[in-house]
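Labels A, B, C, D and E are assigned to the chains in the order they are written; within every chain, residues are numbered from 1.
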Amino acid sequence: MQELMKKRAIELLADGTCDRVLGWEKGDFAYDQTPALFHTAEELRASFVYNGFSAANLSKYLVKECRAGGKIAVFLKPCDTYSFNQLLAEHRIKREMIYVIGVACDGKADVEKLKDAGIDGITDIREEGECYVVSTIYGDKTVKKAEALAERCLNCKSRKHMAYDELIGESGEVVPNSGRFDMVEQLEAMTPDERYEFWRGELSRCIRCNACRNVCPACTCEQCIFDNPKSGVAQKAAVNSFEENMFHIIRAFHVAGRCTDCGECSRVCPEHIPLHLLNRKFIKDVNSFYGEYQAGEDPAARPPLGRYEKNDIEPGEAGGNRA
Amino acid sequence: MQDVKEFRPKIVAFCCNWCSYAGADLAGSSRLSYPADVKIIRVPCSCRVNPLFILRAFQRGADGVIMAGCHPGDCHYTSGNYFARRRMTLLFSMLDYLGIERERTRVEWISAAEGAKFSKTMNEFAATIAALGENKRLEDLRCKN
Amino acid sequence: MQRIGVFICHCGTNIAATVDVKAVAEALGREPGVVFSTDYQYMCSESGQTLMRDAIREHKLTGVVVCSCSPRMHEATFRKAAEKEGLNPYMVEIANIREQVSWIHKDIAEATEKAIILGRAAIAKVHLNKPLTAGESPVTKRALVIGGGIAGIQTALDIAEAGFEVDIVEKEPTIGGKMAQIDKTFPTLDCAACILTPKMVDVAQNEKIRIFSYSEVESVKGFVGNFKVAIRKKARYVDEEKCTGCGICTEKCPQKKVPNAFNMGLDTRRAIYIPFAQAVPKVATIDANYCTMMKTGKCGICQKFCGVGAIDYTQKDQIVEREYGAIVAATGFNPMKPTQYDELGYATCEDVVTSLELERLMNAAGPTAGTLLRPSDKKHPHTVVFVQCVGSRCDAENEKGKPYCSKICCMYTAKHAMLIREKYPDTEVYVFYIDVRTPGKNFDEFYRRAVEQYGVHYIKGQVGKVVEENGTLKVQASDLLSGEQLHIDADLVVLATAVEPDKSARSIATMLTASMDTNDFFTEAHAKLRPVESPTAGIFLSGVCQGPKDIPETVSQASAAAAKVIGLLAKDKLTCNPCVAESDEMLCNGCSSCEKVCPYGAITYADKEFRGPNRTTLIRRVASVNAAVCQGCGACTVACPSGAMDLKGFSNRQIMAEVDAICKM
Amino acid sequence: MKRLSFARLNEFFAAIAASNALYLPVDNSKGKAEYKKWQEGTEMSRQLNTLRSAKDFFFPQTENLMEFKMDGKSVEVIDTRREAEDFVIFGVRACDAASFKILDSVYLVDPVDSYYKTRREHGVVVTLACARPAETCFCKVFGIDAADPAGDVTAWETDEGLMLRANTEKGEKLLSLTAALLEEGDERAVEAAQEKTREIIEKLPLSSLSTEGLGAGKTAELFDRPEWKALSEACLGCGTCTFVCPTCQCYDVRDFDTGNGIKRFRCWDSCMYSDFTLMAHGNSRNSQVERFRQRFMHKLVYYPDRSGGTFGCVGCGRCLSRCPISMNIVKVMKTLGGKNK
Amino acid sequence: MSHDKKQAVLDEILRASGVDVRKCMRCGKCTATCPAFDEMEYHPHQFVYMVEKGEIDKLAASPSIFKCLSCFACMERCPRQVEPAKLIEAVRLSVIRAKGANHLTPEQIPALLDEDLPQQAITSAFRKYSK
């Protein structure tokens, strides 16, 4: 797969389809890949990588890259194509500046899962069939891929590419019962006190590093209101529980109807706060109140907060422990 | 024993200029009273109410926030309250999801002719908030001393 | 830092009796930025305004807060006064301490505290106010009148008289409305047709007036001065241009059994018809529900007989788009059909009729050619019972009726009773009333004539039951004054049913974004001071659509509405509301979220060049707002994810400052 | 050298907690270590290191500085400083212990930061030598010995129990509080443990990282290097690296308007943020590449310039595992440094 | 009766009936519709008026209250939702209660039943007397 992609990228550079390729660059320990631009075949040969640890959603970089001029090729996993479509819908990127290569994905690994399982001193990870062979300074260990699967990939909503110019590997199907709302439902079933305790426990760990916001492909504001001293609500580090709540509620609301559920927010949170549960709540609510809608599925679709029905449910009917 | 102050809830009511604010005026000219704890902020339309304002009110010590607008279909701006309704539905659902008392937030559609409804709604809401007690889950203690 | 002046109005004792105005002035005077604070008996008075103007000048005020009545009342007054002193009018804010404080609270301490807090919120807002300048928008010099009854006719004629174009949209095939169905008018007893039809002819002949009959308003877009209205011209299957109104078709049509709506269904007409002889436009209309040709494709007799080839069975509804500067709602009323009152027997007894049906039964052009004959056996009735207030004056909880007094029934019933007694002196006439209400010039005299001169029996009490027995209507009623229960054998019972706004009014109000009350009457901008305007700018009210009225009142209101329309159309430019949305291009993402919620299409996008970091330039798509089109609802400001869109006069910071001030410990 | 039997660890903590607030790494609900106040039943984490660094104790994420109270038009300034309580941090690793020196060199030189100083004076640091360093560890590169950490007291987990050595007067005092629980310990057990640790350190992939070409005096050489662009390309501009970093010390001073007054507080800031260095005239670092460069130049060049060559990084490896896009100081050093290719 | 006591009786009747007598606009439709009109000394609209004036004694002493058939025609027809029948019921109850235990017990009823009595009348009687 990686070699196919590399070969294709080199061809695209050679035939002038694009002048740079956005992909993932090898790191020190196999799992620490960095999104990078490759301008030459040499660069690609030297450090391009694609494997079970190529987790980053590259679509957000296109906002910046579209302004840089010159056509860019980008590798997008199925979930990344949703973000791509959403960015297109919001005019944040220009389709004609981008050559999309859809790449198949059978779920990404989360190195934290390996570490939590007690594997430390990792120096390299190889894929062997359904397993990862992890080299450590304490010897080799073999782990089933399924056991290392990232949380977000356990509830993968779709293996289908929503947009591409060409595909490498096969595009799958939308997963009908992904179970991605199970946890939301569990929370809904709790009492308000339990929910409050749950979220206080989670959000109180927030260090306001803004990783969730800055990685989010829906958060592409020129300047975030929380960074804008003129907005009247700018904050830096959260001083108290209110500010922790405030930031996350407003951010979730801000991406309501726009979030593609790519899961990057939770992936990058250094404190492992399950931020996707906020976004999924909105997605679930939108689905149940206003009909099924997945941001990024169709760039021409009208977003749920940009339309209405005369008989929409009343705010008083929402919330509470619904059966 | 510290002296326990009687709990006087703080309630912010966002009222659209065309219907609910006029409804409040009618309640006033009809001498239909409602608790002084309710303070009205005039906005052109319910669709002007940003979730930020609601959180801000709670931060600053409000115990309840109510938004009142024209009845669906009667919006002065045709569709503003329809959008407001969706926004508030989602916001309230999210607040509930975070375990913040659902009853602290409310939306009512009150026309310019419904002075009585305005008064009744505000009385009810104030009673609900008084029963709930002080807002603890979305408060910012910095604003309390 | 602003230099703010605060003015507390006593409003006589309206405010001062419940709010300690001195204490409020003193407390607000201590607020940061407040350099002058005082109280005064009537701020809206000439001397109150002078006080404010003097203070603006002497204290070099940059902002003003008036604590008084609702801003819906006097905001404009105070803003104008400030403007005269050179202060931007949008630097004035009102704290509503009358409707929201003194009128609803009794405890002085509590009311004073609340007044101070509302004052603080207004001060907090003024701190962030910025001078705003109103833009201008052009005015389309044409008015639309929706409804072609006497209200619409009068409004249209008056507007046309002033030299402006007017369109009338009437959903029926002819203009004329309810007045055309009425026989005589009170208190003069002159013939309705005699005074209405000349006006209808005037309308038809006036070059400035265009009638869209058999048409309905489909959609309304735009705003004051610049409405765009789509009118649906319903297919009447007759070419209006060709039809001469000769009426041959209406005589030859073989389908004779169509209930005649103009005669309240008391007789029949043909499937192709002209509602009545003086109809305007006098053009035939095919009732597709009954026309044999339309239903089966076989017949075509009218087409054969039409000398000018006006019949066109293939005609389709047509949508006409027109632009207007002002719109007048004159959608009128219908008398309630009292079928829900089983005890009154309307649904079961043919000889229980409504007052409008009686009009037709007494009209020379009606089904009985003006001779009063009862519907069942076409015999002359000898005992007639009138029942007042049917469906009017009910409790708000009562599902059968309306809570309001229909206003016209007392007078028209007196008229009916009088006319019957005059024409048929052998007839006994009973009127059961709750109260007889006759305010109006020569009205009570008229009613007394019915009693004194014509011997009509007025009985205080209500009819409890009407049952038909062998062609006689057994009326059971109470006479509250004597305490007796009466049993009257009547030949005809006439119900004075409640006036109901026309069913179409609700959807029209929605299109016009005009507000309505719970009874579906249009709400006026101010019950006393702006009775013919809707709160929505550019929308005016004429006739019963605003509330029950008799003909003289309808006509005067119609002319008043016309005067307001003329005043508007006489302007070349309108100053726009400056409280409109504005996009901060530095923050705008160009995501189009705002555009999707804008009801006016006021937002457009363009790629613009910006300075990037370190002397680079970059091109970004950004939104801009057309200030002349924007109406300032603020939907976009919340839809905007980046906070780039804000509303002038109601900015995020201003509203949050109010929130802060109100919630302050 | 004192010895504490592992069985009596709980008693040891209880003895300290009797007169001090005792903080130690505890696993949170996500199985990650964070410092928590000890109370009966608190179990110490077995993780190598805490998710956030120990700098929070002396330089908390947010801190009130003073208040202004407003009544009408009058303003009153209120000092909100409170006498700090004595506290003990147990289980600090060598890297974090070394970071305190770096923070001290910033905050305890003139003008002394009195808020920081007070906390520092009231805090006792008990370090714990590393037994099983991770692949992301590279403290050795900066001359830090994970087997022999600094601190008021140093502790080793050995086969014979927990070995404790007081390094300072504060440390002596702390151990004297728990004297009843301690026995004399054998240096050799410590040495054995140290040897094991050092063996592992030698095998760590990053131990051979070179600082050549970096450090004091390299500003001119490194500032305009073209590689900065590619290195920073993927940087999201979030503050994760700075907030988990034990040596990042930048803060912002902000005012919070409560309606009745102002609370002036400081909170961590990050040079990665777009509004860092925002001034009245605008911003002097307008692009992410400049901000990115600043952070690493500070750690690798500017700080050494001012501190006699000491690097502003202690090699704890937190940024390596936490960066959302896995860009980190090691990659920067490898790209810009001399001998790392 | 003292004024206070009178007021207390009145309040109790208003409370028990749930009727707002002030809503009455004196149209007399209740009376016009009443099938028991001829049997009554005071008619439904007078009931309402008398309660409003506080003339409970007069009303309580009148046999009219037991002539009411509880057919509810007046309630059905009243355009102002005054519900005179509920008022009559409340007055009747207050009279019955004042009599203490001096009324029928369930055991006595079977002996008094008339076979020809319509079921509706029995039910109506229970409603009237058995409280």
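Some points to look at:
By our rule, a residue touches a chain if its C-beta (ideal position, glycine included) is under 8 Å from a C-beta of that chain, and two chains touch if they have at least 3 such contacts.
Note that the structure is predicted; figures quoted are calculated from it, not measured.
Listed by label, the chains touching chain B and chain C alike are A, D. Where contacts are defined as at the top, ignoring chain B still yields one piece in which all remaining chains are linked. The chain with its Cα centroid farthest from the Cα centroid of chain A is E. Inter-chain contacts peak for the pair B-C, counting C-beta pairs in contact.
Taking the mean of all protein C-alpha atoms as the reference point, the chain centroid lying nearest to it belongs to B. Remark: chain C and chain E have CA centroids separated by 45 Å (rounded to whole angstrom). Per-chain CA centroids place chain A at a distance of 36 Å from chain B.
Rounded to whole angstrom units, the spacing between the C-alpha centres of chain A and chain D is 30.
Separating the centre of chain B from that of chain D, both taken as means of CA atoms, is a distance of 46 Å. Along chain A, residues 223, 225, 233, 239, 305 each make contact with two or more other chains. The multi-chain contact residues of chain C, meaning those touching 2 or more other chains, are 597, 639, 652, 656, 660, 663-665. Chain contacts: chain D has residues 256, 259 touching two or more partner chains.
Interface note: chains touch in the pairs A-B, A-C, A-D, B-C, B-D, C-D, C-E.
The residues of chain D lying in touch with chain B in their complex are 256, 258-259, 263. Considering their complex, residues 28-32, 34, 48, 51-52, 61-62, 132-136, 200, 203-206, 230, 233-234, 236-240, 242-244, 252, 254, 256, 265, 267-270, 273-275, 278, 320, 322, 324-328, 330-331 of chain D touch chain A.
Residues 30-32, 613-614, 660-661, 663-665 of chain C are the ones that touch chain D when the two sit in their complex. Against chain B, the residues of chain A that register as touching in their complex are 184, 187-188, 192-200, 225, 233, 239-240, 242-243, 245-246, 249-250, 252-253, 256, 278, 281-282, 285-286, 289-290, 304-305, 308-310, 312-320. Residues 586-593, 596-597, 605, 612, 618-621, 639, 641-644, 652-653, 656 of chain C are the ones that touch chain A when the two sit in their complex.
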